[in-house]
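Read from first to last, the chains carry the letters A, B, C, D and E; within each, the first residue is number 1.
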Amino acid sequence: MLEVQDINLFYGAAQALRGVSLTAEPGKVTCVLGRNGVGKTSLMRAIVGQAPVAKGSVRFNGEDITTMAPSERARRGIAFVPQGREIFPLLTVAENLETGFAPLKRADRFIPDDVFSLFPVLDSMMRRRGGDLSGGQQQQLAIGRALTMRPKVLVLDEPTEGIQPSIIKDIGNAIRYLRSKGDIAIVLVEQYFDFAKELADHFIVMERGAVVMSGDGAALEDPDVRNRIAV
Amino acid sequence: MTSSARLFRLARVLCSALALLLAAALVQRAEAQDISAALSQLTTNKYDDTEAALGALALSGSPAAAGIVSALADGKLVFGGLPPRVFIEGPGGALLDPLTMQPAADAPAVKPVRVNNRVRRAIEAANGALSLVSPDAGKRREAALAVGRSRDEAALPALEMALAKESDPKVKSAMNLARASILIAKEGITPAERIAAVELVGAEGNQDALAILRSVPESAAPEVKQAAAVAIEGIERNLAMWGMAQNVWYGLSLGSVLLLAAIGLAITFGVMGVINMAHGEMVMLGAYTTFVVQEVIRTSYPGLFDASLLIAIPLAFLFTGLIGVLIERTVIRFLYGRALETLLATWGISLILQQAIRTIFGPTNREVGAPSWMSGSFEIGHLSITSGRLWIIVFALLVFFALLATLRLTRIGLEMRAVTQNRRMAASMGIRTNWVDAMTFGLGSGIAGIAGVALSQIDNVSPNLGQSYIIDSFLVVVFGGVGNLWGTLVGAMTLGVANKLLEPYAGAVLGKIALLVIVILFIQKRPRGLFALKGRSIET
Amino acid sequence: MTDIAIPEPTTAAEPAPAAKKELTEALLYLDAVTVTFDGFRALNALSFTVDPGEMRAVIGPNGAGKTTMMDVITGKTRPDRGDVFFNGGTTDLTKLDETQIATLGIGRKFQKPTVFENHTVLDNLRLALKGQRRALPNIFHRESAAARERIDEIFETIRLTEHRDRLGGALSHGQKQWLEIGMLLAQDPKLLLVDEPVAGMTDAETAQTAELLREINANGHSVVVVEHDMTFVRDLGVRVMCLHEGSVLAEGTLDQVSANERVIEVYLGR
Amino acid sequence: MSMTRQPALLGTSGLIFLAVLFVAAVLVPVLNLYAAPDSAVHVPTYVVSLLGKYLTYALLALSVDLIWGYVGILSLGQGAFFALGGYAMGMYLMRQIGTRGVYGDPVLPDFMVFLNWKELPWFWYGFDMFPFAALMVLLAPGLLALVFGWFAFRSRVTGVYLSIITQAMTFALLLAFFRNDMGFGGNNGLTDFKDILGFNIQADGTRLTLFVLSALALGLGYILCRFLVRSHFGKVLVAVRDAETRVRFTGYRAENYKLVAFVVSAMLAGIAGALYVPQVGIINPSEFSPANSIEIIVWVAVGGRGTLVGAALGAVLVNYAKTYFTSGMLAPYWLFMLGGLFVAVTLFLPKGIVGTYYDWREKRRQHDDIPDEPLATPRPAE
Amino acid sequence: QETIKVGVLHSLSGTMAISETTLKDTVLFMVQEQNAAGGVLGKKLEAVVVDPASNWPLFAEKARELIAKEKVAVVFGCWTSVSRKSVLPVFKELNSILFYPVQYEGEESERNVFYTGAAPNQQAIPAVDYLMANEDVERWVLAGTDYVYPRTTNKILEAYLKSKGVKEEDIMINYTPFGHSDWQTIVADIKKFGSAGKKTAVVSTINGDANVPFYKELGNQGIKATDIPVVAFSVGEEELAGIDTKPLLGHLAAWNYFQSVDVPENADFIKKWQAYTKNDKRVTNDPMEATVIGFNMWVKAVEKAGTTDADAVIDALIGITVPNLSGGFSAMMPNHHITKPVLIGEIKEDGQFDIVEQTPGLIVAEEWSPYLEGSKDLIADWRKPLNCGNFNVKTGKCGGAGQ
């Protein structure tokens, strides 16, 4: 469904990605692992179109979307939960969720119940401004917002960061649930190894902007993987 | 001739005309008099003679007199030929005989009989005299008021006669008031009569009444003076209160102008964060659109003139909106996230637009007329309200609420806010940021454009128009609190009213300085404006 | 076994006699602190103390008020009610502004890493380094050898040596976290307030951070650390306080607290 | 391990800048005085005064860049400080006229005589003495900046709010100085100066001296600014610009840093104004006009915000463009050119001329210096 | 072929472009006419146009450029007093000639400047006289923009009115800032002041852009010329072209020329001017006439002197007489001001003026007003042997009251 092939990405003169490839399948979770600053976020940005790639291609359902605008990618079904949450601070929680309506047909423009059953706190804070929420609440809102888009590919950049344990469990369950629906491909960046291990169908490990290991979920048991992401 | 003598003579003419006409009306028989002497006086091309002729005409009782006077007022009275004769210029330029209204036998080269302010006043007086007995009650009332304003003793007998016959209560009270106004200053009436007059006038309670009451002669009895003093004091107190209300009204009106000027900026600057120095020029473009619309109407569809503003509003919105979209697409869009650089670019754009207008329309002011429904004024109590200003207030509020509704209630409004708060993330939510940006800037510019339509009614339409509003606009938006539309509304109205309350005490210049200082101090108290955006995201 | 203190939601105007005693001994003393935002109670009569040299972990659900508590201590948010004292009750923090509080020796790491984006990593540390803070003298300030050494040390600790000349803004999320920790170390404060230091760190780094904090604490600094990562909290091995809806829900060792029914219900999950 | 070097007090571009300035300060007078008037290298006097004016503008731009580029204070009222410095100097020059005014009043300036003023207002006292006037050149803008800044920074007025109230300040001063009753000559301002320190203000020698002094002031101003921004103090300034709250939490009193920079900047602007007035021969309230202050910002942006050399360069360049465009064939279209220039600079040289040059140099250096990091070869997990 | 260069120093952009652009066109027009007539001294004239952009220091810079770099023989330019003051030292230093075509506050007479606009006594005082005599005005509102010209003019008028027996309380003086656009309060005040039973008039020295909103407000509040006439000194045909004049019918202006002056010279001039500008609606106005007069005077003086050398032309100019456009002649007097008729016009619906009064003879400018304390003893005479712009008749010395 989503294929990233051999991409390079630069910030000015500094190269952040070197020939990275990745694929994501519906009903599967692809995990991206790696230490700080190895380029995980950069890879996600390349997928959703927030940073231009210098070389290589990104394909979605066979279509080349390498140079496509982020909004068009979103309209094709790629939803993004960014690191650092990126809530619209002055919009209310409800409005934040509603921003996800853009790719939807008029009839679909409602917030799916999943969002509230997953994150009940959002329901009680619909009228509050997004920017006023606590860090963890914002993270929940960011995920809810992405789900509102009914995505085909869900790109999650460290979604558990700053979230309380019980909700991390919920998020894990949610991802499992989405996976079980079988029509969503999930790309997950995660530093929290145990969490990743439980969910991953595939994984890649990055180092210095390049993929140094990859395999399917079971291979995560390999101690080498842990070593790679240890210091 | 000395001035007082002239005044005196004018008054006499007026009064005898009144008396005569009344008499004529009473006996139901108008005797046509020979007015040829008066007519020939109209051909000397001297104001004094014209004035005298008017008096004679009013006196003549001739049925043609009214027609001649109104022809003169309309500039249709011409003279020419040898010896010079007077004609009335009929439709299509035909020369008519003023007495018979039949086409004249010959058609000599003619010039209009010239009119100046003095003659115009004489025309008014003659018209007044002719209309105290007019069958139209409204005209009779006007005439009575005019007599009251002139306060001429000589008019008293005529007035009293007319009063005796008058049945319409409104006209009657006007005549009574006129009579009282005259009596107050008249020599040789009883104190009781004078006090009654003082009371009648005092009840009127307006500025004119004040002037009349002040004319109580030095020689009047002490109790009369006392009564007048009491009445004056009462009126002054009353008027002072009304004056306050009037100032507030002026303030609201000024506030609405500020609101109009600022509201587009509240979008481009307040919402989008573009330091839009070209905002004023958008207002200017709106004003020039109005000019062009009126120009087309004037030359091609004169009948539509009263609708010209209504036609101009959508056109100005579209035109300036389009220019705004153009600017956004070619320049601004490269500058998101670099707010300060938008200042440089938009400053450049503003210079270009100014010069473009100067090149196309010339550097001078352009005439934009007021449709009839925007001219004139009316009174509520002692509050004088000009229709133009009233409409501008209404219009400003309409625009404001329409905009507020757009931003708050519509999908595009939500997208606009989302995009301006986090462009990158909005794109990743599937919002077409390019399109939304262009629309937002276009909306702000379009609103500035329709503000220009309204401002063309009260200010110059010149290439400098925008420059004169840009500082105030920024001040309003910032004072109200950037990013909050309500702030812009309240900010504009507050500044307007404060300005107008300060002005009577400090004068226009010091008042404005004081206002600026107050704003500076106020910002120290509330560093994010009147309606500050609050919350975590702002504070860090 | 459990040591649950559910404070009365009443507002204690005066510190209770027992509290008075704590006041004179405590490094940091909060009593009945209440903060509301537009009617929303973020802190509700929150009271606790931190002793000199103590390290304290704070946990609690998202939105419990942990960050707000730090905001109150550092002067960013003014409490509606309640007392905040520092240094054994000698200093009333609610009367001071951020700068004064920082000068007193309270350092903070923010939940969202904030560094000086247009300064190099090195300059970020230089700016944070304990030393002259006044404007005019700083025009002529020269860096001492000791300062240079200290900075090198910190670089070793945070492992950003190779990034020293890059701009702070060009660091990845996790690198910024480390830089901010480095800046906190450079300030050498008496009391460190650390908000979610290991968010976005790998497990190994998490362990290192715990080690680092323990070390700092061992050197006599008091530390209050907020974190959701239970492994990390366990690594710290210190007294844990769980906040909920703006007040303390439970306090004790991690085992005690995590056995608390309410804590499990609102925070840990089953 | 070695610490990275502190950048030199004067970087390469700084040295080039000062060198150019020095050469100009020497060469222009020499070529004006000694080159034959019809030779190609002769610098006519009117060019000298033009250049002198540009130099004062450059100093003014420098003062703006110090606070805008390094502290993030976008002052839309910098013209006010410039004008105050100018007025202080103008008042001195006015008093020097003495009985040579049209009414020949030994004390009162002409505009006071014909408005029937009987005696000199108190705030004119002392301006007959140059040292006092020179002091006021610094004090008047400095004090205004101190008071204004003290209030504003302490109340944490920042960003556009600060910009707009600085604009309100200069606008209020504009209106005030326009008033004849203020005693500064109203709209006509102060003109018709005769001499300065006893030298005829129109003499070529005086002009050259003023030119050289302007160059000197600009050079010293540059060195001062450079020294400030390079110091620890300057680093805090930049930190304040980017993350003011963070600076506070680090224990710095941000408002004091801002205040110092603001006052220094105001004084530099005052000096620029004082040098400007004798060279152009008039000071009038329009110098307070908000548009003027915005223009200064524009110069800095064109040259490159946050690069001191750029600010100075931008001022000279934009003003040269203005001089050039407003004469000859282009005169009716010069606003198109100038406006177009501003748009073009923002679009194509986003960091201004010098800023973009620095970026370009930086990029090249990175390409040259840092070899690409070795690539780790991906290998699948077994 | 060698040409004689003529400098044109009028703002083509900025706030003053609105007024000054026309004058630039006028000079260009005159240059073209003169060249068609064979030029001057057998040489063609060449206009050098610069744009000082309504910026006063730039005026000085451009003046210097014109004289020193372009070597023009004469400059026609400036509108505001401050721009004139700004260029004055330049003209003195480089000894060149400036023709200044706008009415101004007086109080100046410089060797290098020739003032072809009106001094206050050539505009303001006759206007007031007219209102007193013809409209029986007893109460006066002196409304002006707060700058030197209105201040001075109003000072002179105040002294003049008082000398005519007008009482203090019958004079209301009001100043507004430049570009003032909200006139509601002031117009209401005027209305109030005018309703005290005495005939009231407004003498307006309101400048520039502020006039349009002022007149619009007068119209809105229903103040008609028959109630409270307004006489303006800065409102001419050009300004009226931008206003809907219907509500202004009868308000007045005092100038030394109106487009509606009905003499053949004027008709001829208007025809040529409209042909030159290819616009048959293009109006003419008083400062244009002053420019034309100045231009013709300069040409005549150059021909008389036989050279364009500044000293010779300056000397030759005094006494030069040229036809003005109102059917008479204007002469350059020794005080470097010219003689002028004064015309009072009432605004007509078509934006033109109906001339209701014209002074019988020409009026000589009083550059130093007898109504001002400081200047009543001064005279200017640039002929030898006096050769002085501020000769004090009391002390008998040149240089004001100074020692």
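Criterion: a residue touches a chain if its C-beta (ideal position, glycine included) is under 8 Å from a C-beta of that chain, and two chains touch if they have at least 3 such contacts.
Every value quoted in this text rests on a predicted model; they were computed, and no experiment measured them.
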Chain occupying the most central position, where position means C-alpha average: D
Chain pair with more C-beta contacts, A-B versus B-E: B-E
Most distant chain from subunit A by Cα centroid: E
CA centroid of subunit A to CA centroid of subunit D, Å: 50
Length of the line joining the C-alpha centres of subunit C and subunit D, rounded to whole Å: 45
Centre-to-centre distance between subunit E and subunit C (centres being mean Cα positions), rounded to whole Å: 75
Shared interface positions of subunit A, touching two or more other chains: 14, 132
Junction residues of subunit E, two or more chains touched: 12-13, 146, 175, 177
Residues of subunit D whose C-beta touches two or more other chains: 175, 178-179, 245, 332, 335
Partner subunit A, residues of subunit B touching it in the complex: 411, 414-415, 417-418, 421-422, 424-434, 483, 533, 535-538
Subunit D-touching residues of subunit E, taken from the complex the two chains share: 12-13, 49-53, 55-58, 60-62, 64-65, 68-69, 80-82, 85-86, 88-90, 93, 107-108, 146-148, 151-152, 155, 175, 177-178, 372-375, 378, 389-390, 392, 399-403
Residues of subunit C touching subunit D in the complex: 74, 76, 97-99, 102-103, 107-108, 114-120, 122-123, 126-128, 132-136, 138-141, 143, 148, 151-152, 161, 164-165, 183, 187
Contact footprint of subunit A on subunit C as seen in their complex: 37, 40, 59-64, 66-67, 111-112, 159, 170-175, 177-178, 196, 199-205, 208, 228-230, 266-270
Residues of subunit E touching subunit B in the complex: 12-15, 17-18, 21-22, 132-136, 146, 174-177, 179-182, 184-186, 188-189, 191-192, 195-197, 209, 212-213, 216-217, 219-222, 225-226, 229, 238-239, 241-244, 246-247, 250, 346, 354, 356
